[in-house]
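Here the chain labels run A, B, C and D in written order, and each chain numbers its own residues starting at 1.
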Amino acid sequence: MLIADHPWFQRLRNIMQMGVAHLVYPGAVHTRFLHSLGACHLMGKALDELTVKGIDTSIEDRTAARLAILLHDVGHGPFSHALEHSLIKGISHETVSRIIIQKLNKQYDGLLDKTLEIFDSSYSKKYLHQLVSSQLDVDRLDYLSRDSFYSGVSEGVVGYDRILKMFTVQNNELLVEEKGIYSVEKFIIARRLMYWQVYLHKTVLGAELLLVNILKRAKELVAAGEQLAATPALAFFLNKNISVADLEQNDEAINQFCSMDDTDIITAIKMWSTHKEPVLSTLSQMFVQRHLYKVVLNPKDEQALIADKQNAVRRALGLSEQDLSYFVFAGETSNSTYNAQDAHINIAMKDGTICDISEVENSLVNQTLSTAVTKTYVCYWQAK
Amino acid sequence: MLIADHPWFQRLRNIMQMGVAHLVYPGAVHTRFLHSLGACHLMGKALDELTVKGIDTSIEDRTAARLAILLHDVGHGPFSHALEHSLIKGISHETVSRIIIQKLNKQYDGLLDKTLEIFDSSYSKKYLHQLVSSQLDVDRLDYLSRDSFYSGVSEGVVGYDRILKMFTVQNNELLVEEKGIYSVEKFIIARRLMYWQVYLHKTVLGAELLLVNILKRAKELVAAGEQLAATPALAFFLNKNISVADLEQNDEAINQFCSMDDTDIITAIKMWSTHKEPVLSTLSQMFVQRHLYKVVLNPKDEQALIADKQNAVRRALGLSEQDLSYFVFAGETSNSTYNAQDAHINIAMKDGTICDISEVENSLVNQTLSTAVTKTYVCYWQAK
Amino acid sequence: MLIADHPWFQRLRNIMQMGVAHLVYPGAVHTRFLHSLGACHLMGKALDELTVKGIDTSIEDRTAARLAILLHDVGHGPFSHALEHSLIKGISHETVSRIIIQKLNKQYDGLLDKTLEIFDSSYSKKYLHQLVSSQLDVDRLDYLSRDSFYSGVSEGVVGYDRILKMFTVQNNELLVEEKGIYSVEKFIIARRLMYWQVYLHKTVLGAELLLVNILKRAKELVAAGEQLAATPALAFFLNKNISVADLEQNDEAINQFCSMDDTDIITAIKMWSTHKEPVLSTLSQMFVQRHLYKVVLNPKDEQALIADKQNAVRRALGLSEQDLSYFVFAGETSNSTYNAQDAHINIAMKDGTICDISEVENSLVNQTLSTAVTKTYVCYWQAK
Amino acid sequence: MLIADHPWFQRLRNIMQMGVAHLVYPGAVHTRFLHSLGACHLMGKALDELTVKGIDTSIEDRTAARLAILLHDVGHGPFSHALEHSLIKGISHETVSRIIIQKLNKQYDGLLDKTLEIFDSSYSKKYLHQLVSSQLDVDRLDYLSRDSFYSGVSEGVVGYDRILKMFTVQNNELLVEEKGIYSVEKFIIARRLMYWQVYLHKTVLGAELLLVNILKRAKELVAAGEQLAATPALAFFLNKNISVADLEQNDEAINQFCSMDDTDIITAIKMWSTHKEPVLSTLSQMFVQRHLYKVVLNPKDEQALIADKQNAVRRALGLSEQDLSYFVFAGETSNSTYNAQDAHINIAMKDGTICDISEVENSLVNQTLSTAVTKTYVCYWQAK
């Protein structure tokens, strides 16, 4: 069986790339499966360009790099953000991807040895890892292009073909040729735009927080001994607090994880929408009817707003004080356009020097953009 | 609550427009929700054009027509083709759409009276029905454009904006102006291409037949007293043979129908893939692993091919003779490019006459294209 | 000097691909230079595909084929249609292309020997000629795509990438694989649409006939001894009736031809618009002010229409009877969608047989489409 | 006669929008005519949006604003940059546009009174002028989109539809709503990219300087009494030094200007390429054969480079020392991404304040981008 046909990978067909964003951008229903295929395709093109430029890559390197990017998201659960904050707390999808690739490596008798090295950046040709994961990798080139295409936010379009042509390698480091600098600037700005306009759109944020709260409540109820309808996989994670060690050592844990996708979550929420417990059923109905939380970004007077909305919820829903926090709450979200502390985007200047993009003269990407921007929010239920 | 927010309509968010076609064209994961919104948008544009041309439409007409197209697919079940041949036998989605619109009409106190008239073509302005349902309606204009876009089969692209501009009305009949004839020809050819290249692609056909067989087997097992894991909605339809009268008169039937979507089917198949009954679990595993039937179109020697494949299945799977038909079987599929018996595409000629497009001099659309083309197939399991 | 930098080829930068069509589709100002580069690019892709399929092509073959398509339009004069009917009567651009390629071959010491063989279809690998010139060649694939793109008539878009992938070769003949048949059908229909909607658009036709008449009148005046302002190249062709033999044997003739482009015609018409001779100046002013002829296609009563328009012209312009024909006249134009007498489009069927596309069962391309469609027209001056 | 049919406006059909840039980006042959139509279309859309938002515009305002943008480039000569530095020294195209609009206003009996007020920003509704000419006007929205489309530099694409929707007006000032800020950022970056990658591309720059030098030399020769072949319009400007006052008061001057376009320049250069004077003929041949200057940007040792290239030219072309400067010379070019001194892009913040985009917190557009970036160059002839 080809790795791409393995049910652990096919599972990504049922996990939407943009989670709940389709509740705002209805076309954005593309899957992580599609993104993985696309990123793998771009990796092939990137390696072709490097070959043309005389960068020495063997067939084995190329296959390993393509498998690394194909599998880089295999550890994503359904609606990852929600999951990482509720069902499977504090375990990143990268960690799960590594565990799954290791297990696949055993099933395929070491076929993924070099893939793992690339994934972990322990392989000497460091640029292969940088193509998989850095601030200008084929992952981002694919998802920005794809998310723009499917959401219809055409401004997020990225000139990936030109950027691929500008890649080069020196001392095993991935670089961008100087003449590609304007394309890279545009890539960074497109990503910035996609973050604030799409990924962190306030209604998308509200939908995501609704999902987090549904799963959080479900887990509380199960912990309190309540019976909740759920598929076997979801039931497993509702009942247990899973650690990284469990995923590594407990076959059932990883098998259950790898059989869970968006459909497990959606069918559960549909069933929970008629549950007798009012918080769970109210939240679930909100999801089913797309009656999403309202979100105010950077509110002027946060405390007053919260108090006001709590009163409205008390009057309308008549909940206990402790359950109020499911319907009115505050938080914050942040993003940085370019992170100068993270893996750099390095430019191969015509004069032979190498320069971080944020240090190139007259560059767009400078101190200001490197600072993370944080926005606070108040999120609340409102009658339809 | 807006009709578009009603959970019966929101349900279409979880029903893919092209069913299982994404197993061949991985980008084709767009939903019936999106198509319904799009068709509604095109209806608005079509009515705008007619208004510019002095065709008298009232606000009420316009709203009713837009609701008619918005709701025209609300009766689709998950993977409709599979359902109509297995779960809910012999009930077309148009029939269910009408029942649902009628029930919504009661919930909304008669708001949909005129919408129903348009849907049923009993309203005097017949062109409104023709815009909803004919051989050149906004339904087809949207789904051809959209399916092309998402599948990446760019050749199916339809110049819908120009066709909309060519619409006109005489004696309450929808017509196309003579100068739009080449655009209409191209629309018909694009549809022909999408049918043979995408909708009836042999692997898509194989995937659909796999789904039909899974549900058929599940229903047989349930009828024989077997317990099968399933969501409440799916369990309802596995246990009962539902008639049109049930959907009309039995509130539970319509409620269960309207809470069922692709996720009910997918979670069930995932659970059934470990069921002890070998036919159900084998078929379900095939689906989960994208190990699809092979399909041969118009085989030269059908009987010999079937016998040969049956032997292969006997050797590999060791099934009873009566279960063989789940793994090797024959059938036929057909499509006509233009159906001269169906609602005509009429052209308003410059000389004032009206002419069926298949009768225009030098027209592309003639006798040949009006004949349905039928292809036979043999479909079989093959080891991976 | 590269052949692409030769001034005879660079000249194509100043010759618009679609002649006067930009007077109706203002974006359609792309040049024959661009089309030639594009067709050359497609030839490279077509040959790549054939190589992948194991069709044996040498580097020499590939270079020669790419040069043949690069130069296939080098014999086009400015506004070819007008020229071929007025300035350089009865000499086709293919004839001139061959003469120019022969002369370039001498300048480049036989570099184009094989290119000429391919151009003339005397090379054994006949498919190379068919890629350059047949009913499904890279010339048509490029110009249909390009003309659609620049004119904005998106319906003419052709899926050239898929068609290129469907090319194959048997016995040195170019074939299309059976599974590409729907793409070829769509190509043929796109071409049909572009002809009737763009190339033979009645206002485009009127603009072209205006140009023909301007040059015809200018030539008459020169023949009568009148002095007309013109560039040296245009003056040469206004003063002489050039034959094929002249172009072949007279160096001045070919040099003057190869230095003439759209700018020679346009500057002349601007200068002639103030000439004292009323027919020449009126026609030239019409061109400069985009005051084009009106055209009626397939008029019901041609004679009556002509008489009526002649009266209008007599009253408004007061011309001599013999000059009336410059302002009111009739003619006809025709096009066939697929010419079964011309080089066939042959399909490689899955069963091993080869079949003309018009003979494939259930094919769209049949007798009807093979018949040329002829339209008559009346063309006349009308006051602004 | 409609203003759009006036020969002074139709003239723009023969003036390419991007001048000589098509010598590098061969698709970029679109015209100022097309750009003017497109900008006029965007103006209509912008005004529609403002009307929807309740900004009061009368039919007269709307017509005047659309005419102002339709005519804003009517004063462009052929290859403007070259002209403004050689033929018609020191007269900007805006100045000429105003003169032409004034003269048209007389011909059309005051029809353009309000158009002139908008053009000059003397009309009270200042936002109409800002839509015609500011740092975020429909002129830029159209030309960036159009130049990207035709050049194929897809990264320059601008989301003009969204920006138009974000326009608003307060106190007669054009503003952008706060939620449009990311789209405006992307517009500014797209413009920055187009400048450095396309408009100031070093080979484009070299081609433009070649044209400047050809016309400069031609003018010198004419001043020295030499006879040069040229159309009447071009001859007029070669023979006379035209001032703004001439264009305003001398009917011949403006008439000659308005009959000159790219074709006058191109035909002249073709004729001059065989002239006996070696500098003029050599430069003209370079243009005809696309044998362009080489350009080195920001050279390390400018003096050494110049000396080296001068020696090469002396050896190869054997020119007099004073003519050397036509073949080897230095200069500089500059551009600023956002000019904080120029007409501001003002943002209507959600809290009711108005803020220059460069002062918005966390904005991309800051001090750095407001500084003009200057690049020096050395430009020289090199043997082919």
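Here is the rule we use: a contact is a pair of C-beta atoms (placed from the backbone, for glycine too) under 8 Å apart; a residue touches a chain by one contact, two chains touch by 3 or more.
Small disclaimer: the values here were computed from a predicted structure and weren't measured.
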By Cα centroid distance, the chain farthest from chain D is B
Chain centres from averaged Cα atoms put chain C and chain D apart, in whole Å, by 33
Between chain C and chain B, distance of the C-alpha-averaged centres to the nearest whole Å: 44
Listed in rising order, chain B residues that touch 2 or more other chains are none
Drawing the touching chains as a network, do you get a line, a ring, a star, a complete graph or other? ring
Which of the residues in chain A end up touching chain D in this complex? 154-155, 157, 159, 162, 182-183, 185-186, 189-190, 192-193, 196-197, 300, 337, 351, 362-364, 366, 368-369, 371, 373
For the complex, which residues does chain C have touching chain D? 1, 5-7, 10, 13-14, 22-23, 26-27, 29-31, 33-34, 37, 229, 231-233, 259, 261-264, 266-267, 270-271, 288-291, 384
